[in-house]
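Remarks on the structure that follows.
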Amino acid sequence: MAQIKDLLGNDTVLRGDGRAVDQLRPVRITRHFTDVPEGSVLIECGNTRVMCTATFTPGVPRWRKDSGLGWVTAEYSMLPRATAERTDRESVKGKIGGRTHEISRLIGRCLRGVVDMKALGENMVQIDCDVLQADGGTRTASITGAYVALVDAMRWAEKNKHIRSADRVLKDVVSAVSVGIIDGTPMLDLPYPEDSRAMTDMNVAMTGSGTFIEIQGTAEHRPFNRAELNTLLDLAEKGNRELQAAQQAALAQD
Amino acid sequence: MAQIKDLLGNDTVLRGDGRAVDQLRPVRITRHFTDVPEGSVLIECGNTRVMCTATFTPGVPRWRKDSGLGWVTAEYSMLPRATAERTDRESVKGKIGGRTHEISRLIGRCLRGVVDMKALGENMVQIDCDVLQADGGTRTASITGAYVALVDAMRWAEKNKHIRSADRVLKDVVSAVSVGIIDGTPMLDLPYPEDSRAMTDMNVAMTGSGTFIEIQGTAEHRPFNRAELNTLLDLAEKGNRELQAAQQAALAQD
Amino acid sequence: MAQIKDLLGNDTVLRGDGRAVDQLRPVRITRHFTDVPEGSVLIECGNTRVMCTATFTPGVPRWRKDSGLGWVTAEYSMLPRATAERTDRESVKGKIGGRTHEISRLIGRCLRGVVDMKALGENMVQIDCDVLQADGGTRTASITGAYVALVDAMRWAEKNKHIRSADRVLKDVVSAVSVGIIDGTPMLDLPYPEDSRAMTDMNVAMTGSGTFIEIQGTAEHRPFNRAELNTLLDLAEKGNRELQAAQQAALAQD
Amino acid sequence: MAQIKDLLGNDTVLRGDGRAVDQLRPVRITRHFTDVPEGSVLIECGNTRVMCTATFTPGVPRWRKDSGLGWVTAEYSMLPRATAERTDRESVKGKIGGRTHEISRLIGRCLRGVVDMKALGENMVQIDCDVLQADGGTRTASITGAYVALVDAMRWAEKNKHIRSADRVLKDVVSAVSVGIIDGTPMLDLPYPEDSRAMTDMNVAMTGSGTFIEIQGTAEHRPFNRAELNTLLDLAEKGNRELQAAQQAALAQD
Amino acid sequence: MAQIKDLLGNDTVLRGDGRAVDQLRPVRITRHFTDVPEGSVLIECGNTRVMCTATFTPGVPRWRKDSGLGWVTAEYSMLPRATAERTDRESVKGKIGGRTHEISRLIGRCLRGVVDMKALGENMVQIDCDVLQADGGTRTASITGAYVALVDAMRWAEKNKHIRSADRVLKDVVSAVSVGIIDGTPMLDLPYPEDSRAMTDMNVAMTGSGTFIEIQGTAEHRPFNRAELNTLLDLAEKGNRELQAAQQAALAQD
Amino acid sequence: MAQIKDLLGNDTVLRGDGRAVDQLRPVRITRHFTDVPEGSVLIECGNTRVMCTATFTPGVPRWRKDSGLGWVTAEYSMLPRATAERTDRESVKGKIGGRTHEISRLIGRCLRGVVDMKALGENMVQIDCDVLQADGGTRTASITGAYVALVDAMRWAEKNKHIRSADRVLKDVVSAVSVGIIDGTPMLDLPYPEDSRAMTDMNVAMTGSGTFIEIQGTAEHRPFNRAELNTLLDLAEKGNRELQAAQQAALAQD
């Protein structure tokens, strides 16, 4: 693979898909992908495609009643044939797997991290992220797409007088991206073939103000040191800035 | 509503969406909707949108081993926000509902009805129909779309030498459409607002040769007589002929 | 097999059990089979034996409250050794299979089809059909037997002042029978050995007025044409008339 | 209630149903209740009616393979409307309750207690006890009836050369009966109204030789002392002797 | 094995662990084993170790509301590696096994047998018995330990004014012990190696007044006669008296 | 709260329990806590107590067969009364919650991160972490304790000739600790009262060489910046060094 210098001062290894190490896959965000939900977004990050819907419901679960606060929750799922080999449906197996649980909880936390629950009032937003096609980074694409669906749902709720102001509910922007170390080289936005070879894998959710909501770094195959961590966070910061630009561009159209 | 005479000799009640009683909603069949499955189709019947994939796997379930025969099976599911009110995921509830079971079995039977299991050999095709948006007729749209995905999977299997000939596996074409009686008038292809008002509701799966694979007529709200049945079957025949034309048109493109 | 002309003008193939093609198996309906339920019926169609109970409960499920309307629901199940090979209990497997779901829903729809929900008022009837011995036609025997149990439950409810009039709740009679095509010959009321050889199989539920509540024709193995459909419906009509006579005879005794 | 002296020297309180304290309810054992199972028995103890089938299968579960030993197992279940109030199906609830588990295990142990596993060879017998009507003592009636079904299955297996000798498999007879203390008086064979008032309740399974296979005494509501225990065991012994006479009488007919 | 005369007049077979046939294993009862529960006890009977907690909650389940009565319930579970071979978690399997159900119910009945539900008032006590290490007799150790936890919970409830008097709630003491017949010799308190060889196995729960709350004798492998039963009950009585002394000693410390 | 300078140059806020911000709770590691498992450890971090066992089994799951590689997996669970309010058992609910899944997977990854699967050979280690008492940091205590149990299991396997060398299987040490930001102050090792007030919460698993295996930072309540992240990682590094000293001290005793 030919190499050039990238912005971080490293040699840039051109990757399988020709990208520089610090380059995102093409992102496409389609709002109003389906008609019925309050927010409905199709996000495509390279070949990864996730349908994200946001359902607004007045009222909150029982444990949250009379708190004056809202609630945001999320569920993630893969269609059986999102992957190269068909995956059995969790509904057929009769239970939800650990990975699904883990990702659903991650998405929920990231979105709650930018929502002012008081401004939302006693209303609930349910996020559904269904992966139509999986090519790595489905959980981070879900977060990035779900944020846009959430904004649409808040605009709908404002228009329909369920909340006073969408802007006050949304304290900040949130997006997420994966980074990893492959054969010793830190890289941004890993597609499946890279992801499965990565020794270290990190998902980073950031706000528009450049702070972190979630850092999940896992290095089952080769622990990483502080210097590597810093490079990975630099890459993630660059990636998230660009994803947030794509979110804003999509949200500007109407 | 204004009325005109239709081909069956009745006054044609113009419907909520302006269609004649014997008119299908616009059908759009997109092949290769996702990249990975052997067959992947998005079918749109009006606002109903179903993603149908066909997964080809060499080998058959244990009970079918050493029979020389293949197997075709199907699973149907709705995304939570396919409907106006969000539906809880069956994976989260931990069990599959009766309606889902009933429809999955129906789709499987219809496709098996046009497959020569001997020509398929000891191979399995798993059909997945996931409803992205539901506006009536999701089970019939699933059958119609799944057939196209099945053809693509058979072509793939032929090209990859898993089967000798796709044409020999596919004994016939199959499509399905709903018909029903609304306020006394038999109508073709009911969208949700009509479906929920229908006193009699029938799903009819037909082959290209004009024979029936499935007739499921249910009249919980007002039983129907033989004459009404005949009119419904005439409507279904017309609808299925047109759906089969759409299937063939889609399959002709490559 | 010897052949004679039957009423439909075909040669009558004498079947394995010596019946004419348009002849029902012997039907026996025993009311008050057990003492406790509001309605309790044992129906025997040949070797098929189903215990049908009807449970009357004041009040309706939550989603039906304050509608002024009643509700009728049904559950079907097979005892493990109703069949030649023992079937594992669904309670032990921890989930209900698709076939069970499909049949339970069918029975429920058929009975609701003859009940005036307003006359029933906010009361619920739960039908339980437990197959003690299975020899084909268990779902249609269930419908036929359950109707009788339902009548007994309504008479009980009238006597106990839960409803004003059993007759007003029951808008019509309902019975059901299976028909099918075996080796090209349409036949009435298939026992298991025939059922498993049938290329086309149809279950037909009819009212006393001769209208249809359910038609479920399935021809996974050989599609059928309009003419065959008509013959099958003629056979079903004959069978249902006779079953309804048996129902009335049983209900006349007290 | 009038009182007379019974054989144990106590005053005999005539019970709700007119029986003496040491008197069984009428027992009726119908063999070949259904046609298909290797053993099929309907046992009626008063109003309690249980259908007991014995399924013979060559081969044993994996953990028992190559031991040269057979296996006997049992499952107990109540039909939903065996009871005055309808009980939800465990298949619908998706799990088996503690009571069902407890009774299934009890029945299995009692039958294994009289089976010579070596003489049975590597074959399995599955007992199914389905309660059609419950009026107290369903678990003891199940044991008593299941034994008869087991004998029939062994005779079938001998005739079909699966085992050498039914007599050698069956080391002894087993029957079971309930006893309890009601208002201070020990009584035999409690129907539901007595059972629910009993302070002490005991189920006793005995062999033909008069030894115990199971004693399950439970006195949640009033502990019992040694003298009471002895009286209860005397009653149980008398009851079991009579039940075994009924078993033998039934088995003598063919 | 050397033999001496024991108190019951038999020769005492010294056992694998050197005990006399009528000798308990060393018992150790540690109260306040964990800090948070209202009652928390570690009971050790030889190598068997069970953690028993009692949770006091104001209020009762719905079916008990407005009865003025309290409720006591129990759940038993084994940690996966309490046994020589690791046992799969029931939470992972998604269902509770029959043995667990049976034991949980037994513990609940035994404790309810000494509780005055009226004095408890509309409050609930939930007993949890988690086996840290299993060496036979886990169910009887659970009952013995749970009683101590229950007393502590009642003292806590009295101190916190939830009940008027702990002493009035506790009508009596309860403990339990296993006895069995090994190679023809009745023995007290069987550890696992003996338990698995026992032909007859009996668990006996007794009150401080020497009456029985539960007798569960099971003799799947060799039925027992009246004389053997009496010896077993004598052994159980001796064992329970000693266990109750250990309970009282532990409860005396504070 | 009084303040002093700590090693990181900040004012040290004395905490509820009197610790400095960079001070661990007292750690106690008890090996051979139970007798049967190959590794059995009780770890106490302040009031948090977790029982960690390691089960060694020759052979690997099917998907890993003939790879020459071993496998390590983990399951985490809380006893019902580990918490102030009793938590319902997941076995009773019939499904495992998202939090349990998430933590089980985390523990598994951390331990696999220090295991040389080739040196382990085709053997499996199952880690069970059961929380007896929960006061914050149960997942990190589980990792730290499980490592010690794993070492003991490897020593056992070496001694029993299942593996060649425990030292070669264990590539490195692993421990984990929680850190968080409370009222703007980064702190080490949060007990429950702090944990529930923390705006940012991070779990950090490190090797003996000072590299990271897992970083899971979550800031649902207030995002954190790069500087805060660095301070948290410094604290985690200090904590993990001390925990590893405790692990080595425990492992040195025999």
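Every chain is named by a letter (A, B, C, D, E and F) in the order it is written, and numbering of its residues begins at 1.
Just so it is clear, a residue touches a chain if its C-beta (ideal position, glycine included) is under 8 Å from a C-beta of that chain, and two chains touch if they have at least 3 such contacts.
Because the structure is a prediction, the values reported are computed rather than measured.
Fewest steps needed to get from chain B to chain D, stepping only to touching chains, is 2.
In summary, the pair chain A and chain F forms a contact in which both copies contribute largely the same residue numbers, shared numbers making up over half of all those used. At the far end from chain E, in terms of centres built from Cα atoms, lies B. Looking for a copy of the E-F interface in C-D, B-C or A-F, one arrives at C-D, which has over half of the same contact pairs by residue number. Superposition on CA atoms relates chain B and chain F by a rotation of 120 degrees, given as a multiple of 5.
Separation between the centroids of chain C and chain F, computed from CA atoms only, is 61 Å.
The centroid of the Cα atoms in chain A and the matching centroid in chain C are 52 Å apart.
Residue positions 94-96 of chain C each touch two or more of the other chains.
Starting at chain E and stepping first to chain F, the chains sit round the ring in this order: E, F, A, B, C, D. By the touch criterion given at the top, residues 34-37, 40, 47, 49, 51, 53, 55, 57, 75, 77, 79-84, 86, 89-92, 94-96, 100, 126, 128, 130, 132-133 of chain B touch chain A in their complex.
Looking at the complex, you find that chain F touches chain A at residues 95-99, 101-102, 104-105, 109, 112-113, 172, 202, 206-207, 209-221, 223-226, 229, 233.
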